[in-house]
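After the structure tokens below, expect a handful of questions from me.
Chain nomenclature is as follows: A, B, C and D, assigned in order of appearance, with residue numbering initiated at 1 for each chain independently.
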Amino acid sequence: MAELLISISIPDWLAHTIAALVQCGLLLAIALCSAAVGIWLERKVSARIQDRLGPTRVGGKFGWLQPPADGLKLICKEDIIPAAADHILFRIAPYVCFCATFCVFLALPFANGWVAVELNAGAFFLLAVAGLEIFGVILGGYASGSKWSLYGAMREAAQVVSYEIPLGLCVVVVVILTGTMNLVEIGNQQAGWFFNWHIFHDPFTFVVFWVYVTCAVASSNRAPFDLPEAESELVAGFLTEYSGFRWVFFFMGEYASMFVVSGLGALLFLGGWNGPIPIASLLGLTPDGGDVFGWIGNLLGMCNFIAKAFAGMTFMIWLRWTLPRLRIDQVITTCLKYCVPIVSAMLAGVMLWSFFLPGGLILHVRSRYVAQPPSAVQSRAESSITAEGGCATRNTMDIR
Amino acid sequence: MRNWFRNVYQAVVTVSLALWVCLRYWFRTYNPRRKTFTEHYEYPELPLEIFPRFRGFHRFNLTTCIACERCARDCPAGCISIGKRRVEGKKGFQVTSYTIDYGRCMFCAICTENCPADCIYMGSSYDLSCYSREGCVVDFARLPVEVAWGRATLNPTAVACSKVVVEPVHGGPNA
Amino acid sequence: MQAERAQSDTVEFDVRTDEMLINMGPQHPSTHGVLRVVLRTDGEVVSEVTPHIGYLHRSAEKIAEKLTVRQYLPYTDRLDYLAAMNMNLGWALTVEKLLGRRVSEKTRHLRVIIAELNRIASHLVAAGCFGLDLGSFTPFMWTFREREKIVDLFEEICGARLTYSYLLPGGVTAGPPDGWFGRCEAFLDQFDPVIDELHALLTSNAIFIKRTADVGVLPPEMAIDYGCTGPVLRASGVDWDLRRDGEPICTEMYDGYTWQVIAPTGGRYPDDHPYPPVPPEAVVGDSWHRFFVRMLEVVQSMYLIRQGIEKYSADDGELDKPIKIKEKLPKGEAYLETEAPKGQMGFMIVGDGSAVPWRVRIRSSSFCNISPLPELCRGVLIADMPAILASLDIVLGEIDR
Amino acid sequence: MNARNIYDLLLQPFKPWLTGHDFEAIDPWIEVGGEGLPEIARFLRDQDELAFDMLHCVTAVDYFEPDEKKAAKVQWQPYLELIYHLSSTKRRHRLVLKVKLPRWKDDRPGELPEVPSVSGVWSTADWHEREVFDLMGVRFLGHPDPRRILCPEDWEGHPLRKDYQMPTEYHGIQTR
């Protein structure tokens, strides 16, 4: 975009600034929309599960204007800062929380090449920045000057820090499989039919996916791991003293981070923007067919990606309204005693598997018994070795 | 170790079972015949269905009340007070006020049990509210005629009517 | 217990920690009303618990000294408002004991039906709130939905949805309307599968088991010592139910009914039931058992209701009329405990020859059930506090009276 | 085992403390002197054939008629009566124990009557005795935590006494 602007003789610095602003605006829109839709989804799904209807009034039959209405109401609420609170930190915390989540969107590709910042180490960046979110929560909990909030913050710290480990390991599994940390590349490697997705690569990745789901739920503080704001124990945890707009920011941060972890999960395991059926490539909507076709194909891919991310969010919501909450020691136990060993074992398994059967289970069987390999495989990009990765290189030629 | 595997197995099985039960509910609610449970009540739009024995706000028949004060004596909360006046040349009393303090009434229907004239019974209104404790006091003698005579049930409009204080046009003879 | 171990660990490692005093309640989502519990905590570990009650004290006993027994009946609704029918029944039976009266067979059967329906309603709230306090919101909605149907039945029969004032001393205000028993049975039929769903969502759920099994273990001796009654006592393995073991006036209400007292005596439940097995982690007297006993009692209540409907329809006697409002009480005192859903609800009436009792004493089940809370919560984690509290199933209206 | 048998059993060791009984009442009761209460309680709980392991309720009744006209008619002198309802989950029998107390210790108004606590025998008594202290004004000697339980800590008077006057104000709050 910057190049486009420069080409119509706009100064360099201005062009880059405008481009950055436009991209930020787009991402912010996506982040906010995902939060809004997430909130709406949460209310509707929880209502259906509980034999209710959920919002029905605001904005027609389905109450789809409920989130903006909620936001409006919350803005109108009295903004209270407790006397015992650390005023500056108390004010900063929600923005830290939201900004951290927003930063993650920077590296999140929505379609082939549609990413604000295409990083070599995208997966790494994503994990690192997503971990910043707890900073806001801890700040908020600490600065509230309330004991319940402090408990929430401490729980958050303990929980998220320990869940970063299995979460990271889950990502490492995919990195080993693909040999790259570039998220765009990881997405591209899963192009083609749904059995190209990493989740179906082999039984180990299938298990790893579910471990990833567990950890993702835990790291975005959703039930059954919503201990920082466990309402039946800690009143509202770190949110206890927050009201009005600051509370909205925390809330949007939570839903946006739900979107992020779901999106990351889709990217790593569920083929990213590649649909179960490669419609785009079957119809020739690839960059090879021309810019416009490529653009339409990417748009389709983006729809795919967003649909998957929302499916992930729906699953998290569904999970939340089904399960009781774990206790803090059990949360840590689940992480260290169950998730970490399982994912470590699976890591070893994946390594061995990709050594012996590098093509994955279904592809391997297919390539052995079916003469014609799927066309998408041919268009698959050659694997690349990143500076950070440098582990197993995947040779796509083996499949043929 | 066996325990470890059992725990994992248990967790996976029971969580999936629970998810399945919830999913079933989720989709069952889309059945147009079943609907969601709350969909059967469209409260603010449509009034709730009320059973004939419902003990709502009272209905009181001013015309038959003989001001015997049995209801006021029987009331456990002491929320009924009756004002009465002898009528010259006639038997019995005239009821000048019949107040029920709904801030105290607990809708136990004891007042209706022993009424010799059958002039008080439980009505079917349930949605009456006010902003002050004084507003909870309803004087049935001041209600609009059809309500006070027991033909209509106590309703917000009627109560509002009864609360209107009619000021004299001038400040009285000494003003 | 696990949490005790956790506490001893902190001592072993000799980590210097500060204790913190936290106020849980009177406004807290999981104290089931205006209960205030002061926690002394060391990190997540609760080292001392002090319950403070009395925020809902409405001088119920003093009010009774000004009203006749018939007039006082609406006030008994407000003790355990989740099981107002059972409160009415307890009061009615106590008055009848003092007056030396017995009701007709037909009234007796109606009372059984009503009391057991309310027992189901109350246990449903207990189960739902238990789920809610563990962070599972959905069962709460489902149980309240089922309770709503029971409340509808009650509304139809007595005209109120919470404070029923229906089972009066000497009889009932009015018999059930036409078709009421049919609707009652229809409710029971559709309620059957819901129990399975609740079991799927809570009882057998791995997380639920982890959260409740071996948490807040109340040994039988301690339960008896603290006067815990009802499901709390039975979950500790004491086979004690006033419907079977109480005074004649209670037990003869259930004459001719077949049902079982649910108590895991020796760790086993009496019946072969289709419900989930006892998990190996569970210890008799822990929160899980308290929950499970309630869930099984619901099923027993359903048996009782079905039998009651049969017996009521077969009986061609008359329903009794309640006592007069100014019925004179004899001199003397009568104390009677009945098996309310939350435990044994006792009323004592001291009559002095007038219509107004000289003194009324209400012995509430929740009051006794909550009193071992400081013992149960010593050394548990904060998250276990709501779980234990919810498993005791308290109603503050009854505790504070 | 009915109240008569229990009385006979108690007669042997505790004769001086048994001050009265009524086996014909609706709930047969045995009245004991206050000083012997803990021993009798322990005996009732620990004797195998008695095994009164559950204390249901501790309460008090104030026999005092504030109305002078009516007071002239009643036969009794004003007194307080403590009532303990016991039962045995093992032996399935029940008993009512009563303790008669003066309304005021040494007849000095304001001095609460005293009775030994049984909270060491049955833990139920702990809270119930607190409640009796709170509402009736009986001091339980040896109680581990003699605080008010239902009323606020700084409440004055004991509301269930017949001559109790409700204060018109509590910390600036109108009470009526």
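Miscellaneous remarks
Definition applied: contacts are C-beta pairs under 8 Å (C-beta built on N, C-alpha and C of every residue); 3 or more make two chains touch, one makes a residue touch a chain.
Note that the coordinates shown come from a computational prediction; the quantities given were computed from them, not determined experimentally.
Any chain bridging chain B and chain D, meaning touching each of them, is among C; the list is complete.
At the centre of the protein atoms shown, by the Cα-centroid criterion, sits C. Using CA-based centroids throughout, the chain positioned farthest away from chain D is A. Here the CA centre of chain A is 46 Å from the CA centre of chain C. With centres set at the average Cα position, the gap from chain A to chain B is 52 Å. Mean C-alpha position of chain B lies 28 Å from that of chain C.
Contact of a single residue of chain B with at least two other chains is seen at positions 7, 15, 18, 21-22, 25, 37. In chain A, the residues touching two or more other chains are 49-52, 321-323.
Among the residues of chain C, those touching two or more other chains are numbered 138, 145, 201, 205, 207. The touch graph of these protein chains has some other shape, matching none of line, ring, star or complete.
Chain pairs that touch, as defined above: A-B, A-C, B-C, C-D.
Chain A meets chain B in the complex at residues 45, 47-53, 318-319, 321-323, 337-338, 342. Listing the residues of chain C that touch chain D in their complex gives 53-54, 57, 59, 61-62, 97-98, 100, 221-222, 224-227, 238, 240, 245, 247, 332-335, 337, 344, 346, 348, 350, 358-359, 361, 363, 367-368, 371-372, 400-401. Looking at the complex, you find that chain B touches chain C at residues 7, 10-11, 13-15, 17-18, 21-22, 25, 37, 50-55, 74-77, 106-110, 113-114, 122.
Contacts from chain C toward chain A in the complex involve residues 2, 6, 20, 22, 28-30, 44, 131-138, 141-142, 145, 201-202, 205, 207-208, 210-211, 381-386.
Contacts from chain A toward chain C in the complex involve residues 46, 49-52, 147-148, 151, 223-224, 226-227, 230-235, 321-330.
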